[in-house]
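Paired with chain B in one complex and with chain C in the other, chain A is shared by the two complexes that follow.
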Partner chain A sequence: MEKGNCHLDARAWLVWVLAAAALAMTIRNPLYTVILLLIARVVDVACGRPDAGLDLPLGRIAVTVLFFATLFNGLFVHSGRTVLFALPATWPLIGGPITVEGMAYGLETGLILLALLFLFVTFNRVVSPGELVRLTPRAFHDLGVVVLIAITYVPETARHLERIREAQAIRGHRLRGLRDWRPVIIPLLVGGLERAMSVAEAMVARGYGATAGREQSPRMLIGLVLGLLLLLAGWLLAFWYDLLGWSLLGSGGLLLGVLLWRNGRRVIHTRYRPRPWTRQDTLLSVAALVPLLVVFVPWPFLAQDTLGYTPYPLIHLPPFDPVIGLVLLLFTLPAILSTGATRPNVEGPAYD
Partner chain B sequence: MRRTLSGLIYLLSALIGVAAFVYPFLLPRLPVADGDAAYLAEAPLLTTVLLALCLVALLVEMQGEVVSAKVIAALGVLVALTSVLRFMETAIPGPGGFSPIFAPIILAGYVFGARFGFLMGALTLLVSALLTGGLGPWLPYQMFVAAWVGFTAGWLPNLQHRPRLELTLLVLFSVVWGMLFGVITNLYFWPFFVGESGMAWQPGAGVRTALAHYTAFYGTTSFLWDVVRAAGNGALMLVLGRPAIRALARFRDRFHFTVVTKEAYGEG
Partner chain C sequence: MIEFSHFSYTYPGRETPALHDVSLQIAEGSFVLVTGTSGAGKSTLLRALSGLVPHFSGGRVSGQIRVDGHDPLHEGPRVLSRVVGTVFQNPEAQAVLERVEAEIAFGLENAAVPLAEMRERVDEVLALLDLRPLRDRRLSTLSGGERQRVAIATALALRPRVLVLDEPTSQLDPEAAADLLEALARLNRELDLTIVLTEHRLERVLPYADRVVALAGGELAAEGPVPEILDRIPQLPPVATLARSLGWETLPQTLAQARRFLTLDGHSTVPGPNGSAGRRPNGSGGGNGHSPAPLLHVHDVHFAYGETQVIRGVSFEVHPGEVVALMGANGSGKTTLLKTIVGLLPAGRGEVWLNGRLTAGRDVAEIAQEVAYLPQTPDDLLFADSVREELAITLRNHGLSPDAAQIDPLLARLGLSTSAGRYPRDLSVGQRQRVALGAVMVTHPSLLLLDEPTRGLDYAAKQELVALWRQWRAEGMGLLLVTHDVELVALVADRVLFLEEGRVAQAGPAVAVFDALPRFAPQVARLFPGRGWLTVEDALAGLNVPG
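Right after this comes the complex of A and B.
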């Protein structure tokens, strides 16, 4: 059982990351974006599992993304009034004045991409793959089994690959070109499929086939077709008729959700020692949804025009509404909870 | 009846997928008033949600494919194998956009049928994202496109009696998808580069301008990268294609023999 310091439910984390990412994708003001970016890092430091997956060189990635986003936009966008220097106009695409505004806009774009990346890096580091697979909706029970088998077999397959490579090396086989991989990959494939046969036999022996694998009923298929039709029509109409389009989109999404839920009810399964939903989980979910409400609902007391900022035509400081800034800080809640250091009152939930 | 419905689901989600990817081209044609600026800001978010919903609908339909423990186990092991190959890609960065995951996805779709290929593509990207920590809003796009790589591979004519032609076809197929994958997935973050330039997304311009801008954007940022990927795909398929097909086909027959219903491998 490896867990981070924050003892929060994977579902609550999911709400947290989805809400924050939705904001990061819609807000276009570098000040707010930087706040989200820093929050992602703070929460990662406070809550990340020590043994979490690959360690990405985040600093280097950040510098690269920001540098190239600034460079590209600076080179290719020629509007704006603060001209630094000019390239000959005959050069394709990059010819013309190079402006501070163009670069600022590129930097802003880079910050948005980076904030998204960091939020999800944090999410990946606080929630283990095992917990993520548990989030699979019940409707996808069979596919969840496939994913579990795959995750379980990845280390085994990597070891198998190593063994085959060693065996071939002992015979004097050297890996130089692409062609030399054939005597390694093909035995790996055959061995893997051979193992799949024994896994399948073991599953059948334990009575797996009794419940799995029924084709979807025609009713279900008709429902799916309808849902997709509604989505497509709504999405196309939303360009011209706001209300009609959005309501069609909404009902299409709702229909698919209901179908998924009904499909899930066919699957009966039990959970070994489920992790109880604690008050802290509720707190985090609610706290993560509040900023969404604040940003997307037009409140009279908020300066929501500060959410969109463009440096054109003349560069100026981005506007800032302290209330929105404070509301965004709600996303740091996991880090605050972890400093309280009160372990939740549950006996170590069995995970993994 | 069932086939028609399934076909409709594929068609509709393909349409939504195409719409989600090409909306940056459609949008410029539409008269955009100032009041709709908010809609523009939400567009990338909306398309991500839409694509995820599409993927959900498709996966519900495709789940009918995993009818037996054998198919489940084979799919799981093949996904694991491909994810391991992808690990090697992240551990030892090859040149450019080369990624060894497409050849196995295409081969699985070709040998085991379109729906198997679809699941193989979608789940391979999901599993490797889970393991390497690559979960993010880009995942639905990648899953969607990789799934279609495997799905369309199932549509290729079965040429197992003409090996030379078969290999040529598969190599060509991998090269084409190697390029397309880049062209399509790049569309996902292109709208973030809004602005007045020769390569940025510009709401309010014409379709032709948008296409020209995207071509410039693509040419400067990713063309070479994708050429390497396409060439790598082709080379991998050339080297591994035939022995891998033989191995997979043998197991297909072994997996087959207990399955009595016709639909189980209808497309295969």
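Right after this comes the complex of A and C.
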């Protein structure tokens, strides 16, 4: 049975990451942001697939992002009362007082970026590409498979590149300028094309696309485009003509939904070892939505003004509401579930 | 089961047909070997069975094909995928998904097989091909032989009546190849599955086949049950060639048959006196072994990829005028060792001496002037607009002048003079292999390293290479050859090194090493154990028959 993932459904994970990311983007309070950031790391450690192959130097990235975010905001924004020193006002853009507040605001932005990055890194490490592709609607089954092949294709191409580089090196080839890439690029492209052809051939030989009664009708395509246009036009109009805009938006969305559903019904394929939706999955989805409700609904007992913190005009400690802090901790639920002995009794491996 | 009637096919943009007026019938439950040189139309014939030709490839067809009541030419590969399972040459280029079980289920999902039946079928093929312990593994962690078994399982999951395989063992070591063929023979027996496969190394497959289809230049040259057809096939495995030279009436298909015939013929097959008398050294200068200065001296070399030890203390020498074969199962470290010698990988411990100089600290390009290295996929080398330019580029890379005096004699030797101006990728596999050889040999190195140089080559192309190597050896070059092809080793090697898990498990004259490793030995050595014979010529000389 595959390690990692904490035996949760990819859809539940999607709710988790979207809810947490929505909060990370809307909350501007470094204390809450740091909590989200730490949660992302804890869940990654507890649930990340050991063979996820996404080993980014997170520490280095964190230091770099924070450093540059602080530096840039400090250099370009000259508001704030706590002046460290001043650059000559004649220097374009960066000339003027350099303030602690400017740097603090930059640091805060950097933290938000990092929290988002860490959340998505964790999501990628807990959900395999295969599971992700299964999230695509049935109408996009073909597209999903193509994406899946592309994902397996990338490491293969990297290995091929290395082989060619070696082959050229033993001919005395040295990579110096852009022109020197020709001996590498040409075999890579030709070889890649040949491999693409053989994968395609192997797929056809295995009956890919053998599904019955699936003539991709032009009407379907026209419908899709129309739906998208309605959606876009409605969204734009909604800025001026509320009712008209929203009704266009709604009908566009409805049209798209119906088309995808109908087309999905026509794509006949079965799924090997579908993973059953478990109570844990429900628990995680609900738990991930609770913080959204708490934060965005104006409850009387919450200090919602702690959600937006700004260091201007004079730096001060960010405010903190322990209830919000506690509610955010709900996002650690996957890690908590992983320690519990109650594991869903999934028949067979849950890789899908 | 299978019937071709007057089938012809021409690839798009070609003038001459790839197959011309082929008519043949194959009964259910046959094990058919399709033979012929490169370009004879073997792959085309297989692809026509599954409808890939012409539906995937385009082109023009005429004539008729029936497979189990279906018409592949009209119904196409999608329908035929339920009738004909296909396995291709390269296991890497046919996998779609990450894990064994998912990969097998992929075709079933597309065929909308209900879940319960899907489980049943996946379990069934996993059992049939002994893949149960591997069901959760990632494909990238499997060996070549295991991956080919997965490819077969994938095809069988759709319960085809015919299994078609295009050179399925060409990338496997002798043991893995034998295992795979055993598995196919079992499927053929137990499921009455019709098997059609192509392979250049006849000695591997012929023992299992009951019918041969021989193609030449796109036409059917001969076809029929193996015993009747053997004497009409131009290139035969060593035992049959030997029997033909001995003038036997029936040519043996397997070693066991050959042994029986040999006893009937009055020849003794008991191990002869263990004399090396029977074996003349390969070529003129080979095997003297007491040359004072080795071209290559590898001393206690180690190498690890991260934590995994791949080479664990290998030592050997290659002398001028010597061909050394480096053998061993897939993953035993052969290619890694070659890369360590040319400096592409740094030896973790130990030393490599080339012409009396240490290679440590020297540039790969500098080492490459003294030792040529032909990697496994020669296509990785080729990118220039012409064959001549391909050689000239190597010279320019090394800061040498690309003059005709350097290039033309080599092209002539490689048999490429007439194609010097052609685009290398338009040439045949054998010719491309020789262009790549030219590109690494143009600096006149004293040592040549070859990694699986005969993979995918037909008999004629192989012969041309062997002749070339023999010339170079006679001129005092050293050759180090990594290969799975035992019959090739029997033909050219003076000494054999056998690697096992990164260590030299056996080393010595070819005869001695093959005596110690009968599973890897050539047919003649297994037919006459202990005589010191490896090739048909050895045996004929030993039996005092004029060859």
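Definition applied: the second predicted complex is superposed on the first by the 229 of 352 C-alpha atoms of A that agree within 3 Å, B and C clash if a C-alpha of one lies under 4 Å from a C-alpha of the other, contacts with A are read in each partner's own complex, and residues count from 1 in each chain.
Here is the rule we go by: a residue touches a chain if its C-beta (ideal position, glycine included) is under 8 Å from a C-beta of that chain, and two chains touch if they have at least 3 such contacts.
Keep in mind it's a predicted model, so treat the numbers as computed, not measured.
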Partner chain(s) touched by A:Val83 [first = chain B, second = chain C, both, neither]: neither
Touching partner for A:Arg171 - first (chain B), second (chain C), both, neither: second
Contacts of A:Thr109 with chain B and chain C, given as first, second, both or neither: first
Touched partner set for A:Val145, first chain B, second chain C, both or neither: both
Partner chain(s) touched by A:Leu292 [first = chain B, second = chain C, both, neither]: neither
Residue contacts on chain A - larger count, chain B or chain C: B
Partner chain in contact with A:Leu71 - chain B first, chain C second, else both or neither: neither
Touching partner for A:Val204 - first (chain B), second (chain C), both, neither: both
First, second, both or neither for A:Leu14, with chain B first and chain C second: neither
Partner chain(s) touched by A:Thr270 [first = chain B, second = chain C, both, neither]: second
Touching both chain C and chain B, counted on chain A across the two superposed complexes: 129, 145, 148-149, 152, 156, 182, 186, 190, 195, 199-201, 203-204, 208-209, 212
Complex contacts: residues of chain A adjacent to chain C: 1-2, 51, 128-130, 145, 148-149, 152, 155-156, 160, 163-164, 166-174, 182-183, 186-187, 190-191, 195, 198-212, 268-274, 349, 351-352
Chain A-touching residues of chain C, taken from the complex the two chains share: 50, 52, 55-56, 77-79, 81-82, 85-86, 88, 90, 92-99, 101-102, 105-115, 118-119, 122, 136, 138, 140, 154-155, 158, 339, 342, 344, 364-365, 368-369, 372-373, 375, 377, 379-383, 393-394, 397-398, 425, 439-440, 443
Residues of chain A that touch chain B when the two form their complex: 21-22, 25-26, 28, 52-54, 56, 72-73, 76-79, 92-93, 102, 105, 109, 112-113, 116-117, 120-121, 123-125, 129, 132-133, 139-140, 142-143, 145-154, 156-158, 161, 178-179, 181-182, 185-186, 188-190, 192-193, 195-197, 199-201, 203-204, 208-209, 212-216, 218, 220-222, 224-225, 227-229, 231-232, 235-236, 238-240, 242, 249, 252-253, 256, 259-260, 263, 308
Partner chain A, residues of chain B touching it in the complex: 1-2, 5-6, 8-9, 12-13, 15-16, 19, 27, 30, 37, 39, 41-42, 44-46, 48-50, 53-54, 56-57, 59-61, 63-64, 66-81, 83-84, 87, 90, 119, 123, 126-127, 130-137, 189, 192-193, 195-200, 216, 220-221, 235-236, 239-240, 243-244, 247-248, 251, 254, 263
